[in-house]
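Both complexes shown next keep chain A, but they swap its partner, so chain B is in the first and chain C is in the second.
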Partner chain A sequence: MKQGRFAFVVPALYILFLMTPIYWLVAMSFKTNLEITTRFTLFPETFNLDNYVKVFTDERWRAVFSNSLIYVGLNTVISIAVALPAAYAFSRYRFFGDKHLFFWLLTNRMAPAAVFTLPFFQLYSAFGLFDTHIAVALAHCLFNVPLAVWILEGFMSGVPREIDETAYVDGHSFPSFFVKIFMPLIASGIGVAAFFCFMFSWVEYLIADSLARSAVLPITTRLQALSQASGTDWGVLAAAGSLTLIPGAIVIWFVRNYIAKGFALGRV
Partner chain B sequence: MKPVSQKAWFLVAPVLLLVAFTAIIPLMTVVNYSVQYVATNAQFHWVGDLWYREVLHSEKFWNALWRNLVFSGIILAIQIPLGVLIALNMPRKGWGVPTCLVLMSLPLLIPWYVVGMIWQMFGRVDIGLMGVMLRDFGYNYEGDPLDAWFTLIIMDVWHWTSLVALLAYAGLVSIPNAYYQAARIDGASGWQVFLHVQLPRMARVLTIAVLLRFMDSFMIFTEPFAVIAGGDPVFLSTELSQTVELGQRAAMSIIYFLIILLLSWVFYTVMTRDDGEPIQTGGKSGSAS
Partner chain C sequence: MLTTSDACCSAAVQQSAFLRLRFDDRGNRRLMCGDDCSDGSAGMLELKEVSRRINGVDHLAGISMRIESGVMNVLLGPARAGKTSLMRAMAGLDRPGGGEIWFNGVNVTGVGVAKRNVAMVYQQFINYPGWTVRENIASPLKVKRTPAAEIESEVQRVAELLRLTPYLERKPLELSGGQQQRVAMARAIVKKAGLVLLDEPLANLDYKLREELRAELPKLFADSGAVVVYATTEPLEALLLGGMTATMSEGRVTQFGPSHQVYRVPADLITAETYSDPPLNVFSVTAAARPARFPGAATLAVRPHHVRLSPKSGEADAYAATVLSMETNGSETFVHLRVGDARWVMLTHGVHAFEVGAALTVHVESGDVMSFDSAGRALALSARAA
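Coming up: the complex of A and B.
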């Protein structure tokens, strides 16, 4: 379709608007605290890496970063592993209660996290799982499993059913067909679902904060504690905040063409 | 038509078990609390619908609900037209496409607490770019609730407009070129093309965008928590986590959940309405480029 010659101005201005606060955070991370609090400078006077050195050498910062990455990784693996067979069932068969089940899964994706914080605390305490990585990973399954099922179902429905039938005629058993033939066909779908599980577990705060205390403290809880304390070390806070942008920025490159489909739960 | 097979239940069993553990048990616990009074000696007393009546007569609850609806209404009114406008003007080929997609998606992948933190720093009158600029223009930012509202709305627009733009873009690129050629032969103006070709083809993705944005803004908690640290405006999630009385909190959770359930049903109906018909999907044509 035809676009005006100056069409690029709109996305360019929008991206400028998106980047300004991010720029401010990153710029602050290179400033000294003295510069942040006493002088108003658009660019850091000197590129000062002290804040990053402080983050990387502090055992506590390293711990919270790895805690977050561990439970996010665990959650992604669990979510995809259980969602794969379920999505196949929804895309290939009709069975008693299938529509109700599919709807019920969706309601979990939409459920407000605040409703679940209190019972989660008690449930995981009762199982002795409170303050463990697996507890946060399981709790995040609340919204990530439904999401993964919906996305994978969308991708699987795009694969013609004749392929399944041919494979069975050729003598494949269900597991061998599923792993050797079907999974490579929906590899991009698995990648997108994994990306979205990673993402929603990475950005979530309320549940992770309520299930983790000392042993598995997530990165955002530490940021929260420090940013609302008095005498804040702005430079270090900005440096740690900037570092939390990196995992998202890396993985986004791989799914740039599918990100809309993922947000539409597999059905753009 | 898909074949009927009850064996499919074996395939969904793992999901069922996992979600039962993470959703049903906690929710039943909440239902249990919502009809009981927990005395100081940890004794439970049956109180029936007392907590529900209390919540439904509580001014704070209705205020929070009202604020939530106003907030969702405002951000939808800004984000949907803005997202469509951006999508219409995004490049369709060349290096601009991946650049736009990646840069626009960036805010979506920032931890929600950090989003709040970024805007809290950005808006501070002592060290933030926006706060200092507004101060220099003679406006004392910070302080009254209206400023908090303004920060929250601009932050949400910053955080989530990309989602609307990406979905609208996916809808737009799925329009076959023949449609535009036909419109040109008919002598349609740019506005008519938008109204009769582009908008109808975007209808489905835009519905998804509206519903997703509505629901997610309806449960917003983390970002306002980070920006204003528990002050006004108080939304439903904030009100919920600030309620101390166990039974009251549980009853409020159930009411909140029922509202979400109703909205999810609308969402589900819209999402599955066209299932079964072959649809030219945006994701696939996007991947081909």
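Coming up: the complex of A and C.
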């Protein structure tokens, strides 16, 4: 069928629909509070960077950004490190209950995060982990490890088993094979899994908020906490909000070619 | 008639005696060169009652054989006959459920594949996709910590041998199928392994490349001193490669011997069927209708090219047949026939045009007929069967 002249209209409308909130957030970050609260303007009247200056010069903003980056980074590293061997086992070996275990892993993600906040809070308090980076990082593993295992298993199963065997036949030991031959083969899978872990942990609010309250305040909590009875600095909030988009955008850039396969849990 | 069968049997006995002699001879030579025969002159892989059972199904059922270096050893059998299972056990990829595997006088039954000195080439073109051809070929040498200069010269030598020199800096997936498989073979050659396992290495290649590589293969490993095992589903390939053939069926080795002998004098019906392409024409006979020259036969069989349109000599039997269908490849015609209750295939030279449904009389030389008893064991075979 010949493509109509107006074939672009529907996707264009859709993209407009998707981009409007993001545009609004970014536009708002360049407006003054007066403009935000009193007028409806499509473009900032004056292009002012005061909000960003405030965010970058405020010690507390810098702290929450680094806090979040630290526990998100920790979580991503732990999740991938744990999921790699697990996914390899699921992909290559048959063992008692493997299919059930594999499915059960995913059911972890079906429970709402709120269910786990109370047990996590009590558990981490008892171990003296409350209000630490590692507490949030470990808690997020509950959701991220299963996802990473599923994604990595899909990518690993795409690599013929004979490659493993050829490596052993050639005389490679398992660690040498895994690091030098196998991991490069599933590098895109590792990237995609890391991206999903990163994004979940970066935007997760509930658990991060309940496990890190003062010393390790996460960015999501601070964004939320800024709307107070005493008034809200909308401009600064928008600027900080815009900045939180950047890490995700950077990560997504690296895995952009594999992201669809990642959403299909590596099974394309 | 009796004299013919006697002659045949004694020929078979002579053959097996000859084989035993050869084994003894080889054994003596091994003893003479002492415990350490690592000069690569002779290798011997011995399987003793090797078995492997998975979920109640015999993948390997008590296989015993002695495989020597210097010739191609072909495992011939249909898919799922146990060829790959046997190779995996030989390589040490799978531990056999029972039995022992000895290599050059050492029991290697439980030794892992990385510790064995084996090389393996699969049906699929398996290379390390992220590495260049050069790195791929060098891989087994690097693991052995061979000096860099030696690796370089070895890679050059083998690449030259397999005509891969222009592609050394490319990644395997950028090459054609034949080239990819040659990279895999280069890796097997460069390793100088004592045991080389080729698991249907040519099956995924197109016709032309297959012929080309098949002709090269025996030469590539001829003077390596390695024990070379080659699995294939194609009888023709087993004959073309020469050497020794072990026919396999349902996890068993039905016969093992020089390829042409196994082809000419199959020990039983399964071996004869395995080693026949196009399929063997099999027909059962009852005591009443049994031709007098096949006493005790329950089943007779004849290869398609032995079914003729006109008799070759006076000792031919005539069979009434009906033409069912025909296929021709230009120089040969496969005529599918109904003979009594059985379906036969006749392979004739030239292009023939028969009417479907036409009645024909086909002739089979009595010497070309293989006869088997009710248990499927070969009864008698004329020395003329070829």
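In the analysis below, the second predicted complex is superposed on the first by the 259 of 268 C-alpha atoms of A that agree within 3 Å, B and C clash if a C-alpha of one lies under 4 Å from a C-alpha of the other, contacts with A are read in each partner's own complex, and residues count from 1 in each chain.
FYI, contacts are C-beta pairs under 8 Å (C-beta built on N, C-alpha and C of every residue); 3 or more make two chains touch, one makes a residue touch a chain.
Fair warning: this is a prediction, and the values are worked out from it, not measured in the lab.
Visitor: Using the superposition on chain A, tell me whether chain B and chain C clash or fit.
Guide: Aligned on chain A, chain C fits beside chain B.
Visitor: Comparing chain C with chain B, which touches more residues belonging to chain A?
Guide: Between chain B and chain C, the winner on chain A residue contacts is B.
Visitor: With both complexes superposed on chain A, which partner does A:Pro160 reach: first (chain B), second (chain C), both or neither?
Guide: second
Visitor: Mind working out whether A:Leu185 is in touch with chain B, chain C, both or neither, as first, second, both or neither?
Guide: In the superposition, A:Leu185 contacts chain C only.
Visitor: Who does A:Phe65 touch here: chain B (first), chain C (second), both, or neither?
Guide: In the superposition, A:Phe65 touches no partner, neither chain B nor chain C.
Visitor: Go through the superposed model and pick first if A:Gly171 touches only chain B, second if only chain C, both, or neither.
Guide: Only chain C; A:Gly171 stays clear of chain B.
Visitor: Rounded to the nearest angstrom, what is the minimum C-alpha distance from chain B to chain C in the superposition?
Guide: For chain B and chain C in the superposition, the minimum C-alpha gap reads 9 Å.
Visitor: Once bound in the complex, which stretches of chain A touch chain C?
Guide: Against chain C, chain A makes touches at 160, 162-163, 165-173, 176, 181, 184-185.
Visitor: Flag every residue of chain B that touches chain A in the complex, lowest number first.
Guide: Checking each residue of chain B against chain A gives 1-9, 11-12, 14-16, 18-19, 21-23, 25-27, 29-30, 82, 85-86, 88-92, 96, 98, 100-114, 117-122, 126-130, 132, 158, 161-163, 165-167, 169-171, 174-175, 177, 180, 190, 193, 198, 205, 208, 212, 215, 218-219, 221-222, 226, 229, 236-237, 240-241, 246, 249-250, 253, 256-257, 260-261, 263-265, 267-268, 271, 275, 279, 281-284, 286-287, 289.
Visitor: Name, in rising order, each residue of chain A that touches chain B in their complex.
Guide: Its residues touching chain B are 1-4, 7-11, 14-15, 17-22, 24-25, 28, 36-37, 40, 42, 78, 81-83, 85-86, 88-90, 92-96, 98, 101-103, 105-108, 110-120, 122-123, 138-139, 141-142, 145-146, 149, 158, 188, 199, 202-206, 219-220, 223-224, 227-228, 234, 237-238, 241, 244-245, 247-249, 251-253, 256-261, 263-265, 267-268.
Visitor: For chain C, which residues are in contact with chain A within the complex?
Guide: On the chain C side, the touching residues are 91, 93, 112-114, 118-120, 122, 124, 126-130, 139-140, 143-144, 184, 187, 191.
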